[in-house]
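You will see chain A twice below: alongside chain B first, and alongside chain C after that.
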Partner chain A sequence: MTQNISPAPEGAVRYVDGAKVLDYLPQVFNVKPSSSYYFWLMAPALIVLAAISIYPFFWLIWMSLHNVGSSAGDTFVGLKNFEKLLTDDKFWIGWGLLFKYSAFCMFFEIAIGVLLAVILNGHRFENILVTVFLMPMMMAPAIAGLVWYYLFNSTFGWYHWLLQSLGILGETSIIGSTDTAMAALIIVDIWQWTPLITLITLAGMKRVPRDQLEANMVDGASAFRNFVAITLPNIYPFLLIGIMLRFMDNFRFIDVILALTGGGPAESTKVLPVYLFDVSFVFFKLGRGAAIALTLLIVTIILCKLLVRVFEGPASKRTDMGS
Partner chain B sequence: MFQVPKNAIYNSISRRKFLELGGGAATALGTGSLAVGLNSMIMRTPVQAASSQEAKMKQYAGSKLVFMSENTPPSFAIRDKIKDFYDATGITVEVLTDDLPVVYQKVGIDVKGGKADFPVFYSQDKPIGAALADYCVDFTKFIKDDTLPQDPDGYGADVWFDNFLDACGSMYEKGKIVALPYDAAVACTFYRQDLFEKYSKDFEKDYKYRMEFTAKTTWKNVLDYATFFKKLKQAGQDVPYGYGQHLGTFAWTTQLDIQRLMYSHGQWQDFNIDDVLGSKTPGPTNWGDATSVEMMKQFKAMSDVSHPDNLANGTLELNSVYQAGQIAMQVQYHEFAASVEDEKTSKASGGKTAYAPCPLGEASWIKNGGKAVNGTNCGIGGIAINKNASEDIQRAAFIFATHAVSKKLQYSVLSGLGGTPTRKSVLAEPDVVAARKRPTKMPNALTFEAVYDFGIKAPNFVLGPKIPEVNEYHKILAAELSKCVAGKQSPEEACNAIKKQTDNANDI
Partner chain C sequence: MASRDVVTYKTPLSRLLNVVIVIFLAFYLVWTVLPLFLMFVSSFKDLLAAFQLPPVGAFSQIGLFFDFAPTTKHYYNLFYNLDFSTYLMNSIIAAGGSAVVSVVLGSMAAYSLSRVDFRGKGDLFFWIISTRMAPVVAVLVPLYAIFRGFDLIGTRTGLILAYTTFNLPFAIWILKGFFDNVPFAIEEASMVDGSTRFQAFRAILPLVAPGIGAFIVLCVLFAWNDFLFASIIGSGGAKTLPPATRELVQPQNIQWGSIMAAGVVTTVPMMFLGLLIRRYLVTGLTMGAVRE
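And now, the complex of A and B:
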């Protein structure tokens, strides 16, 4: 049946199939607002965003093209700051260490985080255990760095004493050797941020359709097969969020590193953001620092796009299968 | 409820009006508190040269200054006694303290940004002074100003310990004073006298000379002592390691650590520049020459027999290692004597530790034909005034700076918190003279003979290098030196890497 709806002749009165209808709201509220109306609604947020994000971004680009902070004033140097990076060994070593650090952190955090989520999901003490596991995340990274610094210290560190007593370490502390200092940073990162992956994965597991799991089990699938075939594809989008967050954090968090090793010993933990900090706030070469920061930003964006694409593949396949 | 006048503008306050008034008040309060909280504030009562000393002291009564300083005893003492300064001047001073690298970063951002949120700041001679000298006020203009209160002892080079004014005050231009000496850390040797006595005979059997520490003890002797202790330890004896180095996260102290060794041997210096004034164009560094390679080899040799966690131990950690009884010797800054002598925290206290000058150069190690000296270096913390501040704030800051370096305050820090004076007159006080011998109430005074009577005198004392890129230089040196110590590169490679990067940083 089609309805013959005529526009209201005036105000809130209109006729539907010949019957007089009074709209509850005056017609003026049903008029589509102009685009400028939306603009003014968004304006305050845009101004705040511009002030805290867009302006500094353009300022960063400006700085990367200048020699900034000298007593003679700022001078335009073109792409010289970028050119210097090409021959700067510490810049390239910093990238290498950053990828190594991020890759190890992500691998262990995803593996342990998902495993913990699987164990905790539906556990009778789930709520209590999740709360306990979340505690490290609540600590400020700089404080976490200091706490672990004291634990690892070879003179009075309790963990050092434990590891030494177990024969894992000698008299040299884990942060005092170029071979193990990176491991110390990775351990602290895993300790602090694996709970985030656990939390996100747990949230994802709550959304796995029960009927799919049950149907698969009826077909004789084992628990492991069930996890791989049903649970994992369903938690992909959640894992993607977790991985992206951690990936970006690893590329910018330097609090723990500065507190624990300061990039040493012998620059074995001087990941690129730590080098960026040195260049900008120890050497006060803000132009060169801006150039490093820009490359870091661009690579982060590219890698995030790649990550999304990698994870979108299985996710879209799952959607196709579902439809 | 309340009497409302008939001619009142508002007989009652509407909700709109209430919100308007409230909003206005909040904005005014917020702006006001920001202005007062973040910036210094100045109030001035003009004075003349003939005005009384009290009037000159009080000319900026009602003003506020922010002092950014390192978290060391003099700063704590100033903060504790800030009421005395307020009573004398009427100037409120907010004393902010932090670790030295953080002080440098905060002050650097402030001054290079053209601001004066920190109108008066701690200026450690090389990491802050040499890097930010262009942003510091020249004190000479205030010292000559007779409308400002002046210290009765004056500020000439002779009132401070030898070279202290030059160390923190002379930067790149002769005649200018960019900071006044406020705090001092001078290197000397701390060693376990009890262990030296206990093992002296065993040592003599192996090495054919006595194990002792005097001004004639050389770096070669120190290497022998450290090797001896390590051998004992490897043989299963319950002894500490012999020696420890400053190789932790703070690059500057690593540079100072190897500088002592290098200067001892032919007075080798990093650049061919005036050690007192420094240079903004230092030219190529001397790293990579025969002396530097030899010294790097010896530093590595020393490292191989030192405490195994050398690479993690900066200056503070090294002192903790010594306090914990894990090493028998350390070249350390004399301000640490107070902590070493603290019986509650130190196993090396109670007369076990003795203090001696820094080791002498070993003649057979010298490659440049120079002479062997007891290479001694320092960190002389100055107090500096921000050039970006207004003239009146600078003048008020000067009044505070003179208070901060006054004899009265320095004596009070030494006797109360374990400070290290920069004015000679403090040492003439009878109780300070008495404190130089055990038992003492001022443990830092036990180091004064090694430091003030010997180490800081020519030809032992080295001040530089003062160059604008000093912090980058320290980082380069510390990184390559640590790689050598860790066995990642040879001494030659380390020296060449330092040369290449340093020359690059200095645009050579």
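And now, the complex of A and C:
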């Protein structure tokens, strides 16, 4: 038996037949675990996951090609469900509103979240303040929507009273007018999710090399210049992750919208997932709903591809290894 | 660290900046806490007191908000007249059940995915994360059709399965990152001592136990806060707290006191859980991409 004791650098791991082999150990310790063992260990999870994701996905495709739930039973209609979408105004408006909603949320959350992180980083009360600020994130979005519905109510809502007293709004509540209902949704999203951006940015700022900041300061850079030249490039990958995650969450959840406006008034807040919900579970046109769901899924998968690329960026490295 | 103390000079401008910062923080603090505070206080208000508002522009009468006799009758109403103890139980079982199923299966899969390499592993991971990120409504459409066939609508089992669609991929994805940080040498040492491979797996579990515990809590949180699955798949027999609260909103008689009380009942446990796993929160909410 060869005593192969080569001092391999950390991280240099070889795979032989799917099993991890560590070169720096004597050969005798590198017992080759059969990969079937690992296969059996991951099988239950993957089978369950396939049953609740791949199987429904094929069902979704099947449904999108049928007229589901009609009195004559499920009839095959080919691509008719998709053809109808092309001329369906609500479908296209829904996409437009969804991107508008997500973009506005993102803009304000990034602006406020980063500002907050810059202020909080190294602040005397950083820990306690961050802990208080992240409380809204723990709240069920549906409950948050209901609480804000109460606050915005035009006859007894305190926030409506405040907005009215300040002369910003008239008699109509913010969720009662087609011009302002979207703003109400964005306000709630900002309230609930800005802390996430702050948390992510703070995690990034802890990793900004201090010596660079100091060197730059010695060279006479202002604090603002320092932020733009050194901090921002360093936290950029973190911000990207935050943006992607929030963007996808805006696609994923419509709880707040259902609780606050239900898509109204006059469909001014009927973003695509809400429209999908209405088609599928209010009017029970499941075939049509499946077609809409497929388009939504495809866009999500493209976004997901981008997300995975972002995830592999420098932000995912551990703190204790760098700096 | 001496380099921590960068010498700064107090100029009038920096003093002004400090004042602005304090005002901003105070404003943000109020903005964050006020809705929660109003929810909490309103849950103790009588119906009439909840409807009282000062006239428009009368800022001096803002104290009217505290002008009420506290009552706990809304909480009493929730649990004795309405069926909220059942809904609470549904929430606990559905969220807890799916969290346990997801983390048990997920940790086994995550462990082996971290230890073994094979062709198509990247695709497998992409499948896992895209399952997690799929819009809830889009998943709901086929799941509803399937569950209707299996008579799973309105059952806790159905709800547990539905929650597993997002909790299981989450658990696999995030725990894999945890197992990646445990050196294989520990298992090897254990196997050299004569343990079987499964015992070796158990030997490293204590190292990842805090993480596993935290992610069970996070899975509970995701499932507990869900509204869409619960309102469609849970409708009928397995109503959880969020849809039950939503149903208190009726066109005629909106019971605001009860709604706020239900909001408190739903929110407070999750806030405590959130604080409990504060250290893992950033990692969990960013799918492991950002570590504190």
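Methods note: the second predicted complex is superposed on the first by the 265 of 323 C-alpha atoms of A that agree within 3 Å, B and C clash if a C-alpha of one lies under 4 Å from a C-alpha of the other, contacts with A are read in each partner's own complex, and residues count from 1 in each chain.
The rule is short, and it goes like this: a residue touches a chain if its C-beta (ideal position, glycine included) is under 8 Å from a C-beta of that chain, and two chains touch if they have at least 3 such contacts.
Everything quoted here is computed from the prediction, not taken from an experiment.
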item	value
Which superposed partner A:Gly262 touches (first chain B, second chain C, both, neither)	first
Partner chain in contact with A:Ala229 - chain B first, chain C second, else both or neither	neither
Of chain B and chain C, the chain that contacts the larger number of chain A residues	C
Touching partner for A:Ser165 - first (chain B), second (chain C), both, neither	second
First (chain B), second (chain C), both or neither touched by A:Phe281	both
Partner chain(s) touched by A:Thr155 [first = chain B, second = chain C, both, neither]	both
Which of chain B and chain C A:Ala183 touches, first, second, both or neither	neither
First (chain B), second (chain C), both or neither touched by A:Val208	neither
Contact residues of chain A, present in both the chain B and the chain C interface	155-156, 281
In the complex, chain A residues that touch chain C	13, 15, 18-20, 22, 25, 29, 31, 33, 35, 37-39, 41-42, 44-46, 48-49, 52-53, 55-57, 59-60, 63, 68, 112, 115-116, 119, 129, 131-144, 146-151, 155-156, 158, 161, 164-165, 191, 195-196, 199-200, 203-204, 206, 210-211, 214, 217, 238, 241-242, 245, 248, 251-255, 258-259, 273, 276-277, 280-281, 286, 289-290, 293-294, 296-297, 300-301, 303-305, 307-308, 310-311, 315-316, 318-319
For the chain B and chain A complex, residues of the former touching the latter	101, 104-105, 108-109, 112, 131, 134-135, 247-250, 308-313, 317, 320-321, 324, 326, 469, 471-472, 475, 478-479, 482-483, 485-486, 488, 505
Residues of chain A touching chain B in the complex	69, 71, 153-156, 170-173, 175-178, 261-267, 270, 278, 281-285
Residues on chain C engaged by chain A in the complex (per definition of touch)	3-4, 6, 21, 24-25, 28-29, 31-33, 35-36, 38-39, 42, 50-54, 56-59, 65, 101, 105-106, 108-109, 111-113, 115-118, 124-131, 133-146, 161-162, 164-165, 168-169, 172, 181, 184-185, 188, 191-192, 197, 201, 221, 224-228, 232, 241-243, 245-246, 249, 256, 259-260, 262-263, 266-267, 270-271, 273-275, 278, 281-282, 285-292
